[in-house]
Amino acid sequence: MDLLQLLAVILDSTIRLSIPLICAAMAGLWSERAGVVDIGLEGKMLVAAFASAVAAFATGSAWIGLSAGILASLVLALVHGFAAITWRGNQIVSGVAINMLAAGLTVVLGNAWYGQGGRTPSLEGAARFGDLTLPFARWAREHVPGLGLIYDEVVSGHAAPAYLAFLCVLVTAFVLKRTRFGLRIRAVGENPAAVDTAGLSVAGLRYGAVAICGLLCGIGGTYLAVAQSAGFLPHMTAGRGFIALAAVIFANWRPWPALGACLLFGLLDAVAIRLQGVTMPGIGLVPVEAIQALPYLMTIILLAGFIGRATPPKASGLPYVKER
Amino acid sequence: MSAVPVDLPRWADIALVPLVSVAAALLVAGLVVVGIGENPLEATALLLRGALGSAEGIGFTLYYATNFIFTGLAVAVAFHAGLFNIGGEGQATVAGIAMAIACLALPALPGFLAVPIAILGAAAGGALWAFIPGWLQAKRGSHVVITTIMLNFVAATLIVYLLREIIGKPGSMQPETPDFPAGAILTPMHQLLAPFGFTLPATPLNSAFFLALMALFAVWLLIWRTRLGYAIRTVGANPRAAAYAGISPAAVTMIAMAISGALAGGLAVNEALGVQHRLVLDFTAGYGFVGIAVALMGRGHPAGVGLAALLFGVLYQGGAELSFDKPAITRDMVVVIGGVLVLFAGALDGLFRRVIATVLRIGRGAA
Amino acid sequence: MRPAPAIALTGISKRFGPVAANRDVSLSVAAGSIHGIVGENGAGKSTLMSILYGFYEADAGEIRIAGAPRRIRSPADAIAAGIGMVHQHFMLVETLSVVENVVLGAEGGAFLKGGIGKARTALARLSRDYGLAIDPDAIVGELSVGLQQRVEILKALYRGAEILILDEPTAVLTPAEADQLFALLRALKAQGKTVILITHKLREIMEVTDRVSVMRRGEMVSHVATAETSPPALAEAMVGRRVLLRVEKGPHERGAPVLEAVGLSCRDGRGTETLKDVNLTLHEGEIVGIAGVAGNGQSELLEVLAGLIQPSRGVIRLGGQILAAADRHPARLRERGLMHIPEDRQRSGLVTAFSAAENAILGYQHDPAFGSGPLLSPARIEAHAREAFAAYDVRPPDPALKTAKFSGGNQQKIVLAREIERGPKVLLVGQPTRGVDIGAIEFIHRRLVALRDQGVAILLVSVELEEVMALSDRIIALCGGRITGERAAEQADERDLGLLMAGVADEAA
């Protein structure tokens, strides 16, 4: 395999591995920019993966699967909102609860319904999102040297939710920066009292952001179960919700850098998979675990202020209480 | 934990609130059981019989409870310092690694030396892995919650690497260490009590259970009867007042995290030193997270943690038995109950307190 | 017929639990006037304005705006009624730009582009009309406090406010900035806007208002035209004809110096100097009072002397010895006999979640008397608390009761007992009677004087000038972190001190 081909393959798998991260990172970004800390991204994606696989299997439609995934994730997001916004509960505790609930419930229900130890049956045909071939992909591969191959391998050939994920980044960046709603979200995460005195509803805005967070986690989870895999496996999110959280921190709560961080973490993952069992001169067997641990280590180092500085939205994690 | 303080009588605060949240959580679980087409009453009966209906069941129940006591105490101690340690899994993992290294490096030691060294190794490993986020929060301002989450994953990759490359059993494809030397294991309870005339069935319950009981007492002593505990509680309740009192919140943060991590290390002691007699991958099995539910339900008090750990022991053992009889109900149901409990006793505490306060007021008004 | 008043409030009442913050308050503000509302801290001014701005709903009463009855249930209602408010703590989003802050809540469309453009034009016009020059793209967090306040005013004007409420607007301003603000208020009035100015500074009332209303303990006690009143008359109305604070106090015998600060300076987290070159000597057997408007360095002075913050420059001598950095620590200082009653007992002086007995050892938790080795003895702690509470008449005298359940006065007595009873050489006292009932005030004052008579050196910080004057043997005025003058108690009068507190430098100093 020549170098270009290898590069294209690695980049292609980078994209595939990044999609759930991108969705979850945008989800976390919305929630946290509005001042609601969410460590339950993992749980929401997991529930979405399960619900989408169940619905897709039952109806034979991947799109109905996607709707079900979003709906399930939305319900958990609203539970988090209810605890964090309406009852001013501890947002970390609530996030932990969401994760545990999702981890347990998906296996219990999956096992009860299908008796395969929590797995859902394999999805086939229209029950799964197939890879879309973009226009001119084949043609470009043959006629445009280099770039054509990249276009066909990397840009083209992903499932519909993958393109949706990239669209979400664009929309998130645009809405946050250039719309009324985005301005209000940015304000409510920094100083909810300012929003309140401007005659706006702090709770309303935060619920809105939390719901968007649920929606995006729903897309990410669905991609895992109905596009990347052909069904649900217990604990299939495998920490992606937390890597996404790391990406958000890494990007200082900004959408485009968050996309960059997700792609970087996806690349690390792709490289690690590629290097599994590979012996390198001088190193021996490549310790892929070191590569896998990198996103977490980088986040710790960043948070500690050794490189740059992470400044979260000022009011994140704090319930809004009117002062007397 | 809630921002909406509702004043309740002391007895309601201590007993009623946790009981009501447990009842509500079990109710939710019952609904899930109904949802998958089983009879919740029958399931409860099977569960209780499985957990408490035989000496063997009780042995297993207490063995599970041992794990929950350690992880619950770990979370509780951090809570008292105002810290949320969700890194129990990672701390127990590193504790296991440290313990395994100690056991395998010192094969020839007699048991009365090897066991304490192994336990100290576990405590030191757990303490180290928790001290790091404590230090980062105290000195660098990064939040314990995020750092402990990240370190959980780092520990998870670390143990995979070590078991494969460094301390794994030679020639084995399983991610596990060789068996620990015979001197470096804890005595199973049925052997321990046999000389006293008790004949117990063989269960994983071992002398780590006594260690857990001692830990309960020690934490109670630490938090409510020592000057350090006073400092920990002051920092947790009001860091400004702590500074005023000459207590360093930074130092207390690091110390409390280290103690918390050392307690999480007890999980490794029970599992590796007490049951499996070697270190296997994923031995933490989510006990660390359930510890959060245990601590919340136990209101951070060792007596409460003990009771909550027992409850989860019953649920774990009973759940295992139940899933034999009713394959539709897997033991992951316990995780569901744990999650609902964390939600009810933790995040929605304000709601429950408000409801209870209202009911009590109506009750008083009617009387 | 006279035009309807811009605002007419009748019979407004508001309770917070047992506290009546407003009782049957009525107020009429003429359109196109500047109306002052004065009163002491806690008189109910801010609550009244919060009701007018829809932050709280009144329990009873009627609000009429320009003659029409209005229900104002939220800030949105208030904005719709043409009311704008500049809060004491600015309601700004520091990470956003000026123009983004201005349009927040009044963006004029789902997309920002149009609204922001319109706001830029409007800001330019407002800047011209009122001389409120500001860069619309500056990030608010990077602006000076004076400019941030300007953004708040622009926010209100941009929403078309006809009535502008300013809550203690000069508390954070330099004198020059305050003068600019007053010029602006006059310009607004000239344009026909109505301004309500809440303050406790009488000078400002006399300078800019047309009429003034005085509040005391939740009630409106007088409405007068500014031209027909005087600061002493207003002061009397504010304070009421209550028995003037008289503390039985014999002549003091000043002993040797015990605490000395030389060239002491402090910086806060943002690098601003909060204390500047403070020189201070405290002698045995005297009470030195610090007079100053809140936020002029008094808190920092107490904290730096108590070892809670570190000075950026200068030295502190305790009992003749220079304190090394390691000694400037609350625990070390307590060992050397420097005790501290903090300004905010709930936030620093007590752990309200603890039992009263546990709070009675806060700061002394390492005292061997309370246990052995690393252990604490609950029995000994309780016995100690019981004794102390009896001596200080803490009610209820129940050491097991949660501290949050004690009244303000009794909480303060718990702190007082703890700090006094161990025989301090130096006592730092912050706001000893804030939120304390009359009976306890007398008790606390008597205790402080008794301590001074025993030879203790006391440094007193209080926002109540009257208290400072009644208790002190010597008064030092602070303004902007600098000592602006010193008076012996018998020579001090309120007017003179007021000038020093306002930073009018003392020729003698």
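Note that the chains take the letters A, B and C in the order they are written out, and that residue 1 is the start of every chain.
Just so we're on the same page, contacts are C-beta pairs under 8 Å (C-beta built on N, C-alpha and C of every residue); 3 or more make two chains touch, one makes a residue touch a chain.
Note that the structure is predicted; figures quoted are calculated from it, not measured.
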Consider the two chain pairs A-B and A-C; indicate the one with the greater count of contacting C-beta pairs. A-B
From subunit B, the most remote chain by mean C-alpha position: C
With centres defined as the mean C-alpha position, give me the subunit A-subunit C separation in Å. 47
Expressed in whole Å, how far the mean CA point of subunit A lies from that of subunit B is 30
Residues within subunit C bordering two or more other chains: none
Going by the contact rule at the top, pick out the subunit C residues touching subunit B in the complex. 306-308, 329-332, 334, 340, 342, 347-354, 358, 361-363, 365-366, 371, 374-376, 378
Show me the residue ranges of subunit A that touch subunit B in the complex, using the header's touch definition. 39, 79, 82-84, 87-94, 96-105, 107-109, 111-113, 115, 118, 239, 242, 245-246, 249, 285, 287, 289-290, 292-293, 296-297, 299-300, 303-306, 310, 319, 321
In their shared complex, subunit C is touched by residues of subunit A numbered 178-184, 186-187, 190-191, 193-200, 314, 322, 324
Show me the residue ranges of subunit B that touch subunit C in the complex, using the header's touch definition. 221, 224-231, 233-234, 237-238, 240-241, 243-247
Inside the complex, what are the residues of subunit C that reach subunit A? 16, 47, 53, 55, 74-80, 85, 87, 89, 91-96, 100-101, 103-107, 109-113, 115, 155
